Amino acid sequence: MKKRALFTLAVSTLFVGLQAVGGSSSVQAAEKTIKFGAPLPLTGALAPEGIKIQRGLNLWMDTANAKGGIKVGNERYKIKIIYQDYQSNTPRAVQTAEKLITDDKVNFLFSPFGSGATKAASGVSEKYGIPTIASTASSEAVYNQGYKYLFGTFTPNITLTQPLTDMVIAKRPETKTVAILARNDFFPLAIANVMKKSAAKRNLKMVFFEKYAIGTMDHSSALVQMKAAKPDWIFATGYLNDLILIRNQMSELGVKVPVLTMVAGPAYKEFIDGTGKLAENITSAAWWHPAVRYNGKGVMGKTENFNKLFKAKYNLVPDYAEASATAAGIIFQLAIETAGTLDHKKVRDALATMDTETFFGPIKFGANGQISSLKPPVFQIRGGKPLVVYPDVIKQIDLKFGIK
Amino acid sequence: MSENIAQLEIKALTSGYGEIQVLWGIDVGISAGETVCIIGSNGVGKSTLLRTISGIVKLTGGSITLDGVSLNNATPEDVLSAGIVHVPEGRRLFSAMSVRDNLLMGAYLRKDKSAIQDDLEYVYHMFPILAERRRQDAGTLSGGEQQMCAIGRGVMGRPRYLMIDELSLGLAPRAVDLLFEALHNINQSGVAILLVEQDVMNALEFADRAFVVDQGKIIVSGNADEVAANPLVQEAYMGVV
Amino acid sequence: MKLSRVSRQFGGLRAVDDVNLEIEPGEIVGLIGPNGAGKTTLINVITGVHPANSGEIELDGQRITKMKPHEVANIGCSRTFQIVQPFPNMTVLENVSAGALFAAGAKNIRESREQAMEHLEFVGLADEAEKSATALPLAGRKRLELAKSLAMKPRLLMLDEVNAGLNSTEIDGALKLIQAISDRGITLILIEHLMKVVMSMSSRIVVLHHGKLIANGTPAEVIEDQSVIEAYLGRRFAEKMAKEKNGQMT
Amino acid sequence: MLYLQILLNGLLLGGLYALIAVGFSLVWGVLNVINILHGTFIVLGSYIAYFAHLYFGIHPFASVIISGSVLFCLGYVIQAGIINRVVAAPVLMTLTLTFGLDLLLNNAMLIAFTADYRKLILTDSLGSYDLWGLILPLNRVAGVGLAALLTFGLYRLLRDSNIGRAIVAVRMDREAATLMGVRVNRINAVTFALGALMAGAAGSIFSIIYPISPINSGLFLGKAFVICILGGLGSVPGAMIGGIALGVIESYGALFFGPEHSTTLAFVILIALLIFRPTGIMGRKGYE
Amino acid sequence: MKKIAIFVAIVALLALPYFGNNYIVRLATVMMMYSVLALSWNFIGGMAGYPSFATAAFFGIGAYVGAILQANGIFFGAAWFAAGLIALIFAAIMGRAILHLRGHYFAIASLVMVEVLREVVNTNDQITGGGMGMNIPILKISVEASGMLFYYSMFVVALLTLATASWVYHSKLGFGFRCIQQNEAAANMLGVDSTKYKTIAFSLSAVFVGMAGAIYASWVNYIEPPDVFDIFLTIKPVVMVLLGGMGTVFGPIIGAVAFLALEEIVWRNFLTIHSAVLGLLIVLLVLFLPKGALFFDYRQFFRGRKK
């Protein structure tokens, strides 16, 4: 009896507390706001990625709001982003997206993280006709569903691997063989498959192609086998933790190779911190890099300015995921301001016809909604920093070979 | 014997498990250095009596005192510290532990390292076979050796009162003789012994005094020889008069 | 019921050692022996809990040696436990109806309840039917155990220490009940530590010691048996008694 | 040579695995509690090592002492304060309880340290040694060496110390241990704390091998499960043999079936073992 | 009284899509799904007393079987039904193999089933899409219609599960489960074929979960191994049943509703610490109310008048 009373007390206190917290946040709607929904993986396996996107979005929101918000016609609206954690669980992301639309009544939506979840959730925004920008989805399969309301800031995966392949072969013609080790997961596997295609196109011989399970704690067997195949080029995909572990184990097992490419991670500061000297000479490609220089429109202005603001807010150098999230916000803002209304259909049309430039790069979407104007840079880690080696316009340094 | 003042005093003791009462008012007094045996058939509460004294089972009424100090609410640790050691029925050795480690467990509460070593030697001296098998797992010993180990483990607690439950159960006669001899020696060193035993004659021959328990009460008590002659004993066991 | 050369080992220990035994329908057989003699193990062997390592067991000509416990139960061979094992979260009635339902083939729960009620009346627990099984005192639980076994409509019933822990009036009651059960034509095996109890009841007594069958005969024969006395009271007591007896004779 | 190298890799991995499992196995064997918190404890140990290195320059092998002590205290408090209240309850209860505690602690770490992967990098990394073509990754060898030392230390503690014997005694016969004057509640808490200590120490060693994030706790826990079943419960040698077996199985599994199947293989073996030999390779006989 | 209450509840739930918005309908669908999971787990965990952690395995099997069949052009209703059937067969076979284990060993064996299946699905990418996940053909009907379709489908499965639970509870089968739960050895002695009964309980805990998994897959259009073989799918039903009362007919449903309510409130209001709050609740629940938070009230309520 006593225990039950105690529990009831605890639970009811909790409920009251919950209501208080829940209530207070929705009270102050005095000034006009535009609500953006952002279902993100803030906990679970993808939490690091989710937090990056949140950083990027927050930077946009704060910067834009500081400048008075979004101008719609003659009125100014403050930006409000409603975050929901979908716990790195894709179906939950779908559910969350729907909740944001029907329950929180958001005007616009940002996609969940990655191609898989974006694809799954895009059905919901299409259903309700909510313009949605995906800041981290690159697979063409996501955009080839015939949806009208989905736009994405990442070019197809092949735009990452093809320039890389071309460049490696141009600079080092004796490159003949390639080995691929891929995480058995949506994006890493997709990029590995694309790499396979790019390699085949250039007549590189595939001497090793293996997938590893999610949560693999030891890559030594695969690496020893790979070493025995003596490839000229090793291409490893996965997320941060996988790539850090693979790089460390490569060094432990004395796997040496002329070219080592890793996707997606080397662009992240955590990767360079986590591998130290071993990061040196690793190549990678991403959709954006802080070294790019664009004379952007919108609240961020030039790329340099974005880098500065980001540094000031987080004391970090932004990476492509963070930049893409900020860019997604700016794209929305530009589209809404162009449309001069919050009407979903009109904003959607503004997005579809958009042709402009931001700090992130030139923005123009293809017929399927995926960005077509972006030229992803290839970069290499040199002296602990990712430096651009391609395209030539923004090149910071020449590609160097040899991984110890 | 009767002029000895009882130091372990049990009065009107009742106890049991949950709602089931097993002991219905036991009165026993045991003096220092005495040997006492408790006999009676299965399930009459002999083991429960020992378990209540050693604090595993909570008493529900009556009192247990040692030298006038109440042990009514004592934990097994307190009882042990007070000098009462219980060698449980079925030996209950730590079977995958070596003989030596089992013996050392008996001295768990003691801090006097050198004295523990001495006592270890004393036990080995008393049961040379244990010395031989000190590294062997206790579970691999024969029944008799296990009982020796259990008694040795009890002795390692430096008891003033040693309570032994079912000494000879399932053991060969030769082993039983050895054990009784050892108990005799232990008793000679000043330790009082409270023995629960089914081999009536052996028990009565060994003990100074005896109690017959039936249905949670003491029905016969007195000098061992007198008890041996009492026809109730045989009845209590075999149902024949 | 027929056991031929039945043995069961646990590790190195022969808990049941080469036991031969025949029991006629309707008999009351007392199975006795000191602590650890293997009585309960023998029951476990018969009921299939610990199947025999060797030997054969037959019930009415049917071989039951390798049967599982529930199969043994279903052919009319039931037992009670030394330590009573009611289902704690069920009522007394539910406990008994379980026996009727699963072993005696009651068609549905209602029928099993009706049957159970009869058995509860028989053992004198009808008034406690709706009580929780754990609320019964020990004597009541022993009766419950009996009712449960009876509900299984057994041909052979093995009673494992039904009297342990009871006081003398309770024992008298239990004995009457056992007699009544026997009067229904059910073959009984009484496992007892106490000879006292079985003496009056049994037509035949079987004594186990160290897993071996050391005596098999009428109560009067068994009580005089030297090895039985030795098993019970210890070697010396037995010798002493033998001496006394010899003394009387000469 | 390839096979030999993979055997070596498997053994090294197995040494680390053994360290993951040994504390978990101890708690399971003695308290009969499946400690879902174990993985999170390991991660916490890694963070302690990481910050000790970052701010004070303490080598992770030295910070084993710090993380071990911190985790010991934390474990003691959690057991004595919370878990002990239901230690006698059925499996389901204790398991659900530690699951709830794990959600709590893991979330707390997520907030305190964020989910970002961190990695401790040694300034004076030992590199590798080439032994007639066989590559010895020295950092890992040293880590495994320390792991073996710690495991052996626990083994000796359980065998030779008074408290260790008491732990073993409680595991084998709770009531008999009580009769020896052992306070079972205290031993429970000490055992749990020792389990946490081993987890913390493992975390310290792992900080130079694995990226650190609260997300990793599930991985460690999963391995601990498999190893315990492989090696049998509650014994130090069992955990060692189970760990090494798993390491070798995974390594050769990756070679013969491809890396994507190596964990599956381990699980399949585990389920087969459970079905046919639930006491593990070592059986019940293995003891501390 | 009891019948009226159930009738009112059913009518209210049937009418729900006509009053609630899409989000409410979605939430109600989840509620139905949770009820199915909790009721199903209760067969093996609550009634028969075996701590099964295999729920996610059955759910995943159902989801993938349903998805694969639909991808191959099978009508969705048939695919859902087949999914339940396959889950049932799988459980019956696995149950035979692992139900002789007890306590922790059984718990782990059932848990490992989830891991093995996830990996098997992950690596057989020809059939399952592996790590790339799987898309389920979208039904060509309106948003509202599809929301209602999935809600009602889940509702029917939940009702089916409830009806089965109620029938089992009052039948010989459930009686046997309870006997096993309380004392398996004694149950055997009474003639309960415990192997058979346990296998039935395990299979019952699979069939409806399999169907729910298949409906779920169709509902979200996209599944991937870590999502449908999710350890939380295994743990949540346990917490729900603990919350509502083990081994009862309605307890699991009440637990499921309570859990969902808590989950939603916590999830909405404690963005970054929701799992900690959930953890705290679980801890409080186990420490203070091991018999179920809502155990007593409704039991009295339903039982009180009968006698």
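All chains are identified by letter, namely A, B, C, D and E, in their written order; residue positions are counted from 1 within each chain.
Going forward, a residue touches a chain if its C-beta (ideal position, glycine included) is under 8 Å from a C-beta of that chain, and two chains touch if they have at least 3 such contacts.
On a predicted model such as this, the values are computed, not experimentally measured, just so you know.
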* Structure fact -> Between chain A and chain D, the fewest touch steps amount to 1
* Which chains make contact with chain D and with chain E at once? -> A
* Asked: Whose Cα centre is nearest the centre of all Cα atoms in view?
  -> D
* Structure fact -> At the largest C-alpha centroid distance from chain B we find chain A
* **Per Cα centroids, the chain farthest from chain C** => A
* Structure fact -> dist(centroid_CA(chain A), centroid_CA(chain C)) in Å evaluates to 75
* Asked: How many Å are there between the centre of chain B and the centre of chain D, using C-alpha atoms for each centre?
  -> 42
* Let me have the rounded angstrom distance from the C-alpha centre of chain A over to the C-alpha centre of chain E, please. => 35
* **Approximate Å spacing (C-alpha centroids) for the pair chain C, chain D** => 50
* Give me the residues of chain C that touch two or more other chains. => none
* Multi-partner residues of chain A (at least 2 other chains) -> 43, 45, 184, 211, 213
* Structure fact -> Contacts with two or more other chains occur in chain B at residues none
* Asked: All pairs of touching chains?
  -> A-D, A-E, B-C, B-D, C-E, D-E
* In the complex of these two chains, what residues of chain E are touching chain D? -> 45, 51, 97-98, 101, 103-105, 107-109, 111-113, 115-116, 119-120, 122-123, 231, 235, 238-239, 242, 272-276, 278-283, 285-287, 290
* Asked: Once bound in the complex, which stretches of chain C touch chain E?
  -> 47, 49, 68-71, 73-74, 78-79, 81, 85-90, 94, 97-99, 101-104, 108-109, 148, 152
* **In the complex, chain A residues that touch chain E** => 3-4, 6-7, 10-11, 14-15, 18, 21-22, 42-43, 45, 83-85, 87, 89-92, 94-95, 98-99, 101-103, 116, 119-120, 123, 127-128, 183-186, 188-190, 211, 213-214
* **In the complex, chain E residues that touch chain A** => 21-23, 26, 30, 119, 122-123, 125, 130-133, 135, 138, 143, 216, 220-224, 226-228, 230, 232, 265-272, 274-275, 277, 281, 284-285, 288-289, 293, 296
* Asked: What residues on chain D touch chain A, complex-wise?
  -> 2, 5-6, 9, 13, 107, 110, 114-119, 121, 128, 130, 135, 137, 139-140, 209-211, 213, 215-216, 218-219, 222-223, 247, 250-255, 258-264
